């Protein structure tokens, strides 16, 4: 499969589009112009990209829950509940996992069962099965913008339907989908699917409809942030090449104030740097933060503290949008009530902190993290670009194959999985094993020293056992 | 009534003591030596002062709930519940309000009713009615230290019994009791009662039993912290003169990170300064923070966020002990379960943040607050001292009469009550009306400017209406 | 001329004074004549003050949760003292434990209060009620 | 020589791999022979692998809440394939909504699993169980 980071020709896109729209009958009803016209009929306040840019201009942080139910009725009610009781600023529409895996037939059966039973059966909203008209009923019912949500190796038809139905953005991306949602799919294939999605977003942009694309890169599990930032920047560059103009940078917080804030800053700075380097001068970048992906505590008192803690980091880091897990995260798929409780907590914390304009712009611990993180990102990115002869897509594919881009605990058997993180004595994530990552000696010794400090306190060498305890620390009640 | 800040003679103390111990039959059983011996039998880990000094040495923050029930059984169970389920580090024994007002007969009837009914009737533990032996059963049952808790104009007999029964400290003080718990009692009278209490603590110290005295000064209601710090320092100086050696500084947080942290620092710095000035070189000062005294939200989701928020400030301010209100604060007297839920939330937040050692030692917004606050404190303190011809007690009495020491919303009709606070555009408390406070022009114009910024944003003059909205802002879901 | 004369205060050992102080301010700035008794008042203190200033209403605040116990027979005492038509208001946090608001209200109405404020009432709505109760009545009298 | 041979993997569309990866490591460092299948496995995938490596046990992880639906008839298929004595373990987050743990356990035992791990089980206790189940039995056989 030959693949590069070039903008698709109209011809290629048209040809692929025919195939995509033929994947399921509802594809027939998709009309790009009509989709754009629908967006133009919606008020500006229901466009996610516009709303986020406004927040950026005003220095405000918006709250955005993750939501999804199956029937139009269920999904509408869930969204309305979060709009009213949950004080959400932006809504989302989780794609159910059958649809994510293009099992439209099974999703359609699930939907029918849900409609018959009168209670949710699928774990998200099956856009493809519903089709454009039905999916628009959701947008007509609410007053806020909504985003498509959820990584998947093939989100093409979902985007065709979802965007035409007024969803004004998406959270996910090729690399996150590759690392965490595939077993044997080649990265080229996932990237190509996303080039399609990005090109489609580009078409909407060309018709005057801003679409917010929230790249997701890679999920952390005690991961130094460069492990997330680099895949995320790659996703941005892939998107920009296809004409995406509004990018949101997903910061996967892990709970360490200095490191997480450095992550938010370095990610933004380096994204803007590489966008500029490739001449993508008109791409707007905004920032988003979300709670960690590790195991959550069962005890709700503790989860409330975590929701507040991660809201604190988001606000102090100055992100435009703050997501959050919910008090029932460890137990089961969040109920509407659980989500509302959680976001009321987040909103209160935000409302206490944000008006204070507490300034962390020059803070030495954050600066230390920024410096090392930027060095790591440059090292990895420049290597990827070199491997691709300047082409980020070509470089990425090679780098993954050689473990020069790597992730711990990937679901993919094509990933080396040598790299591993461990916490230092303050709870920041450090490289325990750098695998094949092409880091300089300076970077190497920085991490060694930090780990040595932890070992001094522990009184023993850190080991895989330490890593396991780090991965379950938060769910057991503490960062360390 | 002639009164000054001199150490009481043994003779005076002995004479007063006879009267105090005769206030209620249980007074007869109090024996100082035996009290000290009981403390010596308790493990060091059950002494509050020792535990707090240890935390200071290790840079740790302990959690301390406010607890109190009436019968030995009820109180024991409450304390044991918080020790186990609430993860408390230090326990407290709230004094019921009848005992606080020396209505021992009524308290005794209440206790009898509670024993008959098998459920709490009084809002705290009536030490005086129980007497030394019974009160010791509580300490024998738990593994943690416990403090007497609650301002009152006359805590003398309660201290005689409570300290002899192994309580290793007290939270309260003469000025807080005067401002908030009296209507027509002269300040001299309250101060004299506390000189007795402090002298008693001094006796324990002389017998090798460290007693932790947590001064409380004045409660805020949108009050610039100098309004609390100055009465608190006065309480420290009164205590030190009578031989108190372990003082804990109560920081009444109001939710503004920069101002609250500055409060914690300036309070500690100025206390140490005045202690030294008066030659009290061997008084150990530690710090304590507690959530605000204003109206709380009814919604538990929001209170959880507040508990986390105030824990954040306590931890970032580096206090040794952190108190907290509970999720049921707005509704009713906290249940054991409500307290445990609340402190589990606080502990989780603490465990996420403290290990990070996030450093705010040089932070410009905090520094600005520190500078103005220190100027205010010096101005007020030096004035009080001048008015007393160098005697802090004499000066305090005069200053209260002339409104040179003043408080908003005092319950006392002897207080001028001219001074008023309002929030600035970031939510910090500023002087809206300085009443008769002898502030310099610099201080005056600092506050004027800060208020002007708020007015610019509001588009109108701040007024009493603004103050009312400030006082209920947090309960309505936001700092402003 | 003032709109109406009101005696305000806190009953019993209760020290919670902030709420009623805020209300007093709101009432004063709206043209009411307010006689404030502060904290630590008995039933007799309220009655004496109301007689002295010929009050149209008494507003009692209570947050410590003992109001019901402390106000037994208050309406009867008022009647006996000659305060037959005086309006009696109560507000704050009236009970110790959570109970449906309607039940609390019912019990206080039975005690002879004309109006029982919901907890966490904001000054604005209290003011509105006072105005409609006391001032339109007066307007009618003077009309 | 290894203590015992174990096939591990995640069933169905489920991508939650972290928990089982941690267990695999724990088992390996304790001397077990682990054949890891990763995510996206069918019943047949597990059976084929177990036959191939002559496994003593199969450990299935599932967090997405679909385990019960996906594992109907698994024990019977194992039996048919000749895996008569193979021990079957399951763990993760087995149900979609909160229910008393005993009920979940009962249903999976009925499906033919020998052991159903409580949610949020830590590696230490899983290891202890595996050792007592598989290794003491082997010790006895070899004794």
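Order of writing sets the labels: A, B, C and D. Residues in every chain begin at 1.
Assume a residue touches a chain if its C-beta (ideal position, glycine included) is under 8 Å from a C-beta of that chain, and two chains touch if they have at least 3 such contacts.
Because the structure is predicted, anything quoted here is derived from the model rather than measured.
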Chains touching both chain B and chain C: none
Centre-to-centre distance between chain B and chain A (centres being mean Cα positions), rounded to whole Å: 46
Distance from chain C to chain A - Cα centre to Cα centre, in angstrom: 57
Chain centre separation (chain A, chain D; CA means) in Å: 32
Chain C-chain D separation of Cα centroids, rounded to whole Å: 70
Where chain D touches two or more other chains, by residue: none
Residues within chain A bordering two or more other chains: none
Chain pairs in mutual contact under the definition given at the outset: A-B, A-D, B-C
Chain D-facing residues of chain A, complex: 97-98, 101, 123, 180-181, 183, 221, 294-295, 298, 330-333, 409-411, 413, 464, 468, 471-472, 475
Residues of chain A touching chain B in the complex: 255-258, 297, 299, 301-302, 304-306, 308-309, 311-312, 341-342, 344-349, 351-353, 355-359, 363-365, 425-428, 474, 477-480
Chain D - residues contacting chain A, complex: 13, 15, 17-18, 21-22, 25-26, 29, 38-40, 64-65, 93, 95-98, 120, 122-123
